[in-house]
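Starting off with a structure, shown below.
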Amino acid sequence: MSADQQRILTRAAREVIPGQIVNLGIGLPTRLFHYLPEDLEVLVHSENGVLGCRPRHADEAPDYEMIDSGGAYIATRPGASVFDSAISFAMIRRSRVDLTFMGAFEVDELGNLANWKIPGKFSPGIGGAMELAQKVKRLVILCSHNDKHGNAKILQRCRLPLTAERCVSRIITDKAVMDVTPQGLTVVDIAEGLSVAELREATDAKLIVDDAQLGRF
Amino acid sequence: MSADQQRILTRAAREVIPGQIVNLGIGLPTRLFHYLPEDLEVLVHSENGVLGCRPRHADEAPDYEMIDSGGAYIATRPGASVFDSAISFAMIRRSRVDLTFMGAFEVDELGNLANWKIPGKFSPGIGGAMELAQKVKRLVILCSHNDKHGNAKILQRCRLPLTAERCVSRIITDKAVMDVTPQGLTVVDIAEGLSVAELREATDAKLIVDDAQLGRF
Amino acid sequence: MTLLYQKYRPIEEAVAAIPHGASIMVGGFGSPGTPFALIDELLAQGQRDLTLIKNDANEPGIGIGKLIEAGRVSHLITSHIGLNRDAIAAMNRGELHVTMHPQGLLAEKIRSAGAGHHGFLTDIGQGTEIATRRREIELEGRTWGIEPALYADFALVHAERADRYGNLIYRATASNFNPLMAMAADTVIAQAYRVDEPGSLAPESIHTPCAFVSQVVQVAPATSEQGRRAHVG
Amino acid sequence: MTLLYQKYRPIEEAVAAIPHGASIMVGGFGSPGTPFALIDELLAQGQRDLTLIKNDANEPGIGIGKLIEAGRVSHLITSHIGLNRDAIAAMNRGELHVTMHPQGLLAEKIRSAGAGHHGFLTDIGQGTEIATRRREIELEGRTWGIEPALYADFALVHAERADRYGNLIYRATASNFNPLMAMAADTVIAQAYRVDEPGSLAPESIHTPCAFVSQVVQVAPATSEQGRRAHVG
């Protein structure tokens, strides 16, 4: 894992409030699992049908019928339950999941999210992303600020097919932490060593910056 | 219980095929419970959420949380399951109940059934009757042939609000066993000592009688 | 959002969140599964002008029968009230507005809300007076009734066992409408005969996962009230 | 109608009832809950031109991955096939027709059939391309998508334990789509690691009541195949 990813995950772990129900999307968010202390009173939901999962300890044999939605063998913590896919998504659609972390291809100023399809290039399916993005109480996006070609992923308007409209609350990238507000994208934290001008340069959306409030991470 | 009711129930018990799933409606049909031998391999469904109930033995203490849909304290037999009301009615709507017995205010030649409401007089609710009547594979009506004023309950057309259209397969009364067929009501059995003329007199529907086929009960 | 460690509450505090005029789903089919203790607390606290959603009206003098007799219920959405002559009388006098649904449709209207839908398409009741009171739609050459989802502000549910996160297990025929209502209401208050520490219930044995439950209270096991019903098996 | 005492069958006989061209729901989310033995029997028997309904396409070389590689599947209705590169390639070559649904909607379309409905009203996917491919309806001032119920001729489901009437218990995350599919298909074939006499399963512990299950077969417990997945936790 790169240093940038580590910084994103370390910052993301601070978003979790004890007592919450949290879902970790496939990809980078799944790794956040390992950044949550085991004694943190949080139930991690995985949409394949478990609430209250934790990473397997190094010395635990895998239970081949206990996986998370990404396919990793997991274990459960006290207070866990298992259930079918209808119950699992009822939980999601009824906004019983407090906080979800998800990756993104594109996010925009309005909080629109695109992370499931690149027409003609990538369309393995939808999975649970649409429901989670549309209905979770708080959606935090974890992604690199720019794609591997250097193109901005934080845009004025998404161009790819949307996962859900106006669903994102906060975006955490290697370069900044940004909140979606009625006024636009407000920068909360900026990466150590990065200037606001550099951040604006790497972003295709208007950024609202209040220097007096700006944190570093 | 009257001799007429006993004759209805004795005849009705012959309708049950070993291996079936059977529902007993409130009222007279509930008493059929006691006419089914305990070793008969049948699972009795009660729509409040149990499959595989049996009458309590005389020496069994009641379990106050184990009732049938009529409110009687019941027990379960091997192979029983309990479940919520959604599962219970899914079973009904998916026609997983093979046979249901139900009472009636009126039944007609087309197999229409009225047994839930007498406008202005009796309307305590609907319960599970509509779904059971509409979706069960085979609906057998158990009722007196005439009401307490002597009026026919077996009619050319029902006058009361319907429970379900064209749902009845067979009618068992104190006077006859009749099948609903595309040609009309066909008499299968007639009560001991009753003439076909007397039966026709007590009925407000056309009855098809083949003397050569007619049984007694 | 109720945080996990905030769910286990005294019964007075849990019920005090219910205002006058609230819509409240109440579990139970007859006595089994009826949250008697929560209902009695509601009676004691005095909330009025309530809309209740319950399969039946219990019986005179027990459960929601008490709330109806006390004039605290303005609207009852139900399936069958034949075992409560007082409720039938109140309905006939026009003091209690009653909406009747076929039992399975009532369950599904609640389940539809619990699943986060807005309703479902059914053929149940087509050809009866039920069909005349709902909107219909043509699809694939047939006419279907549209049954809107039924949401509520609160649900009062009864469980056999719970943990203090709000995981619930039902017993015998006390399940009935409880798990459906636990998903459909905005705030869900569960009573259980026993509330243990998280980890005391096997994950596969849990019927209602804690995510749906807002508060959980412990109540005394089966009172004589639940046994004093007229019916015998 | 399958009578209760006729449900426990040899696997060959149960699967032989499936004709060419059948629509078949297959339980499982990834490996857990996938009825590997029933799928392998289907592969051996040679049924073709199948429509499969499954959350995912398993992985190359296991589960329905084998059926797809053998060219036996003409249509796959699914939510995500990202773990099976062969299925993606077959889709891209136009050899496998794939219909994608959001996972929760796929579950609910199946559940809607299982409940005996014709569909449900949802706001999931409104504002996305999902909404463009379905009929909509205006109700109470909002626009809702109509998602039709998804029925099938057969369902193949996997359970941990069963009795010979077909009562089923799932374990861990092997539940997933299995109980929904068990209600939605006309003929339901269940495999279980252990099939006992009726009475061996506690009534409250049963996840799928036997009324929904047509046939039940016993299969050898967890094979190495289920462990040979690329992912590690």
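By written order: A, B, C and D. Residues from 1 in each chain.
Note that in this section a residue touches a chain if its C-beta (ideal position, glycine included) is under 8 Å from a C-beta of that chain, and two chains touch if they have at least 3 such contacts.
For clarity, every value in this text was computed on a predicted model and none was experimentally measured.
Counting one step per pair of touching chains, how far is subunit B from subunit A at the shortest?
The least step count works out to 2.
Tell me, please, which chain's centre (mean of its C-alpha atoms) is farthest from the centre of subunit C?
Between subunit C and every other chain, the largest centroid distance is to A.
In terms of C-beta pairs in contact, which of B-C and B-D ranks higher?
Between B-C and B-D, the larger count of C-beta pairs in contact belongs to B-C.
Could you give the separation in Å between the centres of subunit A and subunit D, each centre being the mean of its C-alpha atoms?
Those two chain centres are 29 Å apart.
Return the distance between the CA-based centres of subunit B and subunit D, expressed in whole Å.
Computed from C-alpha means, the inter-chain centre distance equals 36 Å.
What whole-number Å value describes the gap between the mean CA coordinates of subunit C and subunit D?
Computed value for the inter-centroid distance: 32 Å.
Using the touch definition from the top, which residues of subunit B touch two or more other chains?
50, 82-83, 86, 89, 92-93, 135
Going by the contact rule already set, what residues in subunit C reach two or more other chains?
Residues 108, 111, 115-117, 123-124, 170-172, 203-204 of subunit C each touch two or more of the other chains.
How would one label the connectivity among the chains shown: line, ring, star, complete, or other?
It is other, because the touches fit no line, ring, star or complete pattern.
Touching pairs of chains, all of them, please.
Result of the pairwise touch check is A-C, A-D, B-C, B-D, C-D.
Of all residues in subunit C, which touch subunit D in the complex?
Result: residues 108, 111-112, 115-124, 135, 137, 139-140, 142, 144, 146, 148-149, 169-172, 203-205 of subunit C touch subunit D.
Along subunit D, where are the residues that touch subunit A in the complex?
It comes out as residues 29-33, 55-56, 78-83, 88, 100-105, 107-108, 111, 123-130, 160, 170-180, 207, 222, 226-227, 229, 231-233.
What does subunit D use to touch subunit B in their complex?
1, 3-6, 114-117, 163, 165, 167, 183, 197-199, 201, 203-204, 206, 209-212
Give every residue of subunit A touching subunit D within the complex, in rising order.
46-50, 55-56, 62-74, 82-86, 88-89, 92-93, 123-131, 134-135, 161-165
Taking the complex as given, what residues does subunit B use to touch subunit D?
On the subunit B side, the touching residues are 17-21, 41-43, 45, 50-52, 76-83, 86-87, 89-94, 96-98, 135, 137.
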